[in-house]
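These notes open a run of structures that come right after.
Both of the next two complexes hold chain A, though its partner changes from chain B to chain C.
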Partner chain A sequence: MTGVVEAAGISKWYGEVLGLNGFSASFGPGITGLVGPNGAGKSTLFKLLIGQLHPDQGTLRLLGENPWNNVPVKRRLGYCPEHNTLYGWLTGQQFVEALLRLDGMPRSQAEKAAEDALKLVGLSSAAQRPTRTYSRGMRQRAKLAQALAHRPEILILDEPLSGADPLARVQILRTISEFAKAGGHVLMSTHVLYEIERVTNNIVLINNGKAIASGDIRSIRALIDEHPHAVRLETPQPRQLAQALARMDHIVSLEIPEDEALLVRTRKPDAFYRELPAIVADTRLEVRGLESPDDSLDAVFRYLVG
Partner chain B sequence: MASKARTIASTRSSDIWWGDRTGLAEAVRKVWVVTGLTLRYLLGTRRIIAMALLSAVPLILAVGLAAARVASFDVLQLFQAVMVPLFLQVVLIFVTLVNATSLIREEIDDNTLPFLLTRPISKPAIATYKYLGYLAAVLILLVPPLVVAYGVTEAYGGLSFTTDLDVLGGFLLVTVLGSAAYGGLFLFISVLVRKPLAVGLLIGFVWESIVGSIPGDVPKLSVIHYLRTILKGTITVSPLAGYRTDLSVATAVGILIAFSIAMVILTIAVFQQMEFRQKA
Partner chain C sequence: MSISLPTYTRREMPLLGRRHRVRAIITTGLRREFKRPAVLVVIGIGVGVTIITSIVVVLFAGVFLQGQPLDLSFFFTPASNGAILFFVTLMASVVGSALIADDLQSMALTLYLSRPITEGDYLAAKAAILAPMISMIAVFPLVLTPLVAALLGSFSWTIALEAIGLSFLIGSLFTAFYTAATLALSSLTRRKSYAAAGVFALTFGLTIPAEILAGPPFNNPAVLYASPWENYLAVARAAFGATGAPIDWRWSLAILLAATAIAALATYLRMKFVEVVSG
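The block that comes next holds the complex of A and B.
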């Protein structure tokens, strides 16, 4: 076993529900994207990797070590959970600083490292605000800051772009890329293939608790492009935003499912994600967050698994 | 050659020395951070309003009686007639229950526990330091109102602060030991069941209330029996003079300390093997 992460025949049950089903994969250095629909087993794998769950079968190694109740290996990893709950009664600075002090840093060093990490993710201006006042995008960035502030060898990021606004997405992806360029390893999950494409070509597809494909992203993309991709935008001005987006020639449909939401279906998701920040900036319309429902990816997974 | 060996030996002993010091400093930092976070959570969030009001019941009662100029109001009546059922059986149990059950369970429910569990700190250390933070928090909540209530009562009766120190001492002792014992028990329950508050309410307000009236040695299976034993033995004219117990104060104190430690150890044992499946 020589990879950053080595999983051999990992199974995990939650009672009668199967979380992972004989999952085997080897993740090398650099950025690896773990892509799969909700419920595929991505979070279960991550929880096994950070030692929060214990596998029922199989062997798992993170940086060559068994992660279950392994305290020393935690110095070497940074973890960004999927959920957005932080210690709301702490400011961003206090939140990152407190966690850094658990890594053994003296106060002055932790203070400086927290400031640097918050600056890196673009949260310096909100560092003294309680985290309960943060938007979803700011929470994502605060989670990323605490994950990388102690300069770990590997970052494990569970849906780090979920719910983040377009600008936060750009900032988060840039931070991840810079971390990897500096020699760090990143394992990042998403159910939106196009998000991961911006930072790596190396992906592992997971469905029903099994790794069903791994390798270069381009061959997978070709399959996905045949299916319209759904994106749900949170905005107080859905009609105006729909008008602005209708100019894109790859848009298949635009729906307003709720007062403050817009559901977009596109045949070219990569172009959509590329062009969206510019349109939002030009029209000065507010987009609070965006998410991609699973439907389109599910279709591809059904195709892949026969 | 000898010089080289001496250098190596010197370097090694120096490394060990610095390693130990670094390890100790790091351990102290971890205690400080986890205990501090716990204290801030228990005392710095909105829950403090309800907890402070409940903890202040002795003080509110003392000031209320003094303000109403109740003629026969004295320390014996307040602390001996009212405080045993009110403070010991309601305030102490409720404050310890709410605070102790939230230490780990609320972090699990709020999905914030991964932030601690992915740092180089062991689960036993997290549980222990959180318990220390809890003890500090509940004593900050419970002790000052008790002392001030005692002072107000003595002042109203025209007595000096030191006149009935045995009464104050007895109640302070049961507050500290009761907080430790109930805290350990409720913390243990919180890692065993998903709804610790409901189980804790049953134990705290049903079992602990009725157990005193059960004959034989059954009361020894409650925390309150040992607290009552301590009050009976430490206060000269005890409100519990007629309470049936065959234990000395020292034995009751020893049992409560041992029970608290045992509960924390059991909590650690369960917590160490706990898995945390993310809530949907």
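The block that comes next holds the complex of A and C.
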């Protein structure tokens, strides 16, 4: 096992509810996005990684070590939980400082490091306000500040952009990128796919407690290309066009979702795009537009999870 | 418009040991408790009432305690002050019941345990927050009373110093029991109100029935062993040399110590295996 995170056949039950179901994946250095819908098992995986849950089955390694109740490995990670865990009576500065002191940082250094971290996430002006007065985006940034203020090797961020306003998103993503550029590893979860695409191509797709795909987004696209690929054609003559396209041997299905549209599924998208112009020219059918619902990561995900 | 943001750089820094990390939890906890009006009220009224009643007993011993010899056994009277039981229970409920339950509910425990601390560190810090607060009612007034009595000339310094030492020991025993029991209850639930109800049940749910069953017509003093307060009274009575104990102080001491140890161990095991689950 050589990755930053190595999971092999991890299962976790909550009573009769299955949180993770034989989850296997390897996360390399840099930024990795864990993408899945709510309830997919993302938070469970993160709790396992920070050693607060114990897997019922399987092997898990974080930075080469078993994270369960592993105090030394906790020194090397920064964790930003999804849910609101701020003590509202503490100011932003006190909140970050208190958690830094839990790392064993001397008071004077903690004060300075907290100031730096709050500045990094754009919260300097609100540092002396109680966190109960913060907006949700500000709380997210305060939580990110405490996660990275002690200079960890790996950041584990559970939905770090949840509820953040546009400026906060820019600051959070910028901070994450800078952290990775400085040699840190980041594992961040989201159910909003385009957010991941802005900072990394490395993703792990998770659903129902299982890793359904992992690797570079382009590899996942290649995986998709082995499966039916959807193309939507805007045409006033969908039936005639469907008849013409049916001659292609790689067409899986043809569907007329609307009066002037044709949805084609093909196993060979490259061949389809190459052959389509000739067919349209030969049959003299009008095609006004063409789009692939598969073009976004969102579509990749929808396809893979069915 | 361009946005200029600071950049992240990594640097190594020396870290302090476990003691400092535990102290950080205590500081955060105390900072919170001393901002809560309910805590300040309980501390103010609890410490005030127990001290005033104890000193009034000293000042007017001749009136209130006719026939009570002015020796070491006199100090069983302030030690058996019912206000101690009431305010210790109140303090344990107001402060202690929330110490772990709130962290479980708010998921703050997730943040704590994502740091390089152990469950033992966490519990030690929580105990260090609660125990001094309980001892302000269970120890401080008991220690102050012989001191005031000696300063007023009502007792010799020899007796007063002995009483101070014994008061400290039995007050600490009572503090340790309530600290361990309250943290155990707090660790079992995410709702501090449930833990607070448990503390009241532990005190009054055991003491009142035990006292009823121990008296006529039931006359079964053995049930007093079920009450922490009655066990404490039996130990205090023996320590100060007071007479009239309905139960054996040795068993009472053993029960209090064992209950404290079991509660502490159960809390530790609970925290060791607690699985912090979010939605």
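Please note the rule applied: the second predicted complex is superposed on the first by the 218 of 306 C-alpha atoms of A that agree within 3 Å, B and C clash if a C-alpha of one lies under 4 Å from a C-alpha of the other, contacts with A are read in each partner's own complex, and residues count from 1 in each chain.
Please note the rule applied: contacts are C-beta pairs under 8 Å (C-beta built on N, C-alpha and C of every residue); 3 or more make two chains touch, one makes a residue touch a chain.
Nothing here was measured: the structure is a model prediction, and the numbers come from that model.
Asks: After aligning the two structures on chain A, examine chain B and chain C and state clash or fit.
Replies: clash
Asks: Touching A:I279, do we find chain B (first), chain C (second), both, or neither?
Replies: Once the two structures are laid over each other on A, A:I279 reaches no partner at all.
Asks: Check whether A:G122 is in contact with chain B, with chain C, with both or with neither, and answer first, second, both or neither.
Replies: second
Asks: Counting only touches as set out at the top, which of chain B and chain C does A:G104 meet: first, second, both, neither?
Replies: Touch partners of A:G104: chain B and chain C.
Asks: Examine A:Y79 and indicate which partner it touches, taking first as chain B and second as chain C; both and neither are also allowed.
Replies: Both partners, chain B and chain C.
Asks: With both complexes overlaid on chain A, does A:W89 touch chain B (first), chain C (second), both or neither?
Replies: Both partners, chain B and chain C.
Asks: So, A:I50: does it touch chain B (first), chain C (second), both, or neither?
Replies: Both partners, chain B and chain C.
Asks: Can A:L263 be said to touch chain B (first), chain C (second), both, or neither?
Replies: neither
Asks: What's your read, chain B or chain C touching more residues of chain A?
Replies: C
Asks: What is the contact status of A:A244 with respect to chain B (first) and chain C (second): first, second, both, or neither?
Replies: neither
Asks: Identify the overlap between the chain B-contacting and the chain C-contacting residues of chain A.
Replies: Residues common to the chain A contacts of chain C and of chain B are 14, 43, 47, 50-54, 69, 71-72, 74-75, 77, 79, 81-83, 85, 87, 89-90, 98-99, 101-106, 146, listed in rising order.
Asks: Could you list, by residue number, the parts of chain B that touch chain A in their complex?
Replies: 22, 25-26, 29-30, 32-34, 36-37, 40-41, 44-45, 110-112, 114-123, 272, 275-279
Asks: Going by the contact rule at the top, pick out the chain A residues touching chain C in the complex.
Replies: 14, 43-44, 47, 50-54, 69, 71-72, 74-75, 77, 79, 81-85, 87, 89-90, 94, 98-99, 101-106, 109, 113, 116, 119-120, 122, 146, 148, 150-151, 167, 170-171, 174-175, 178-179, 181-184
Asks: Help me check something: in the complex, which residues belonging to chain A touch chain B?
Replies: Counting only chain A, the residues touching chain B are 14, 43, 47, 50-54, 69, 71-72, 74-75, 77-79, 81-83, 85-87, 89-90, 98-99, 101-106, 146.
Asks: Quick check on the complex: what are the chain C residues that touch chain A?
Replies: Counting only chain C, the residues touching chain A are 3, 5-13, 15-18, 20-21, 23-25, 27-28, 31-32, 35, 106-108, 110-119, 272-273, 275-279.
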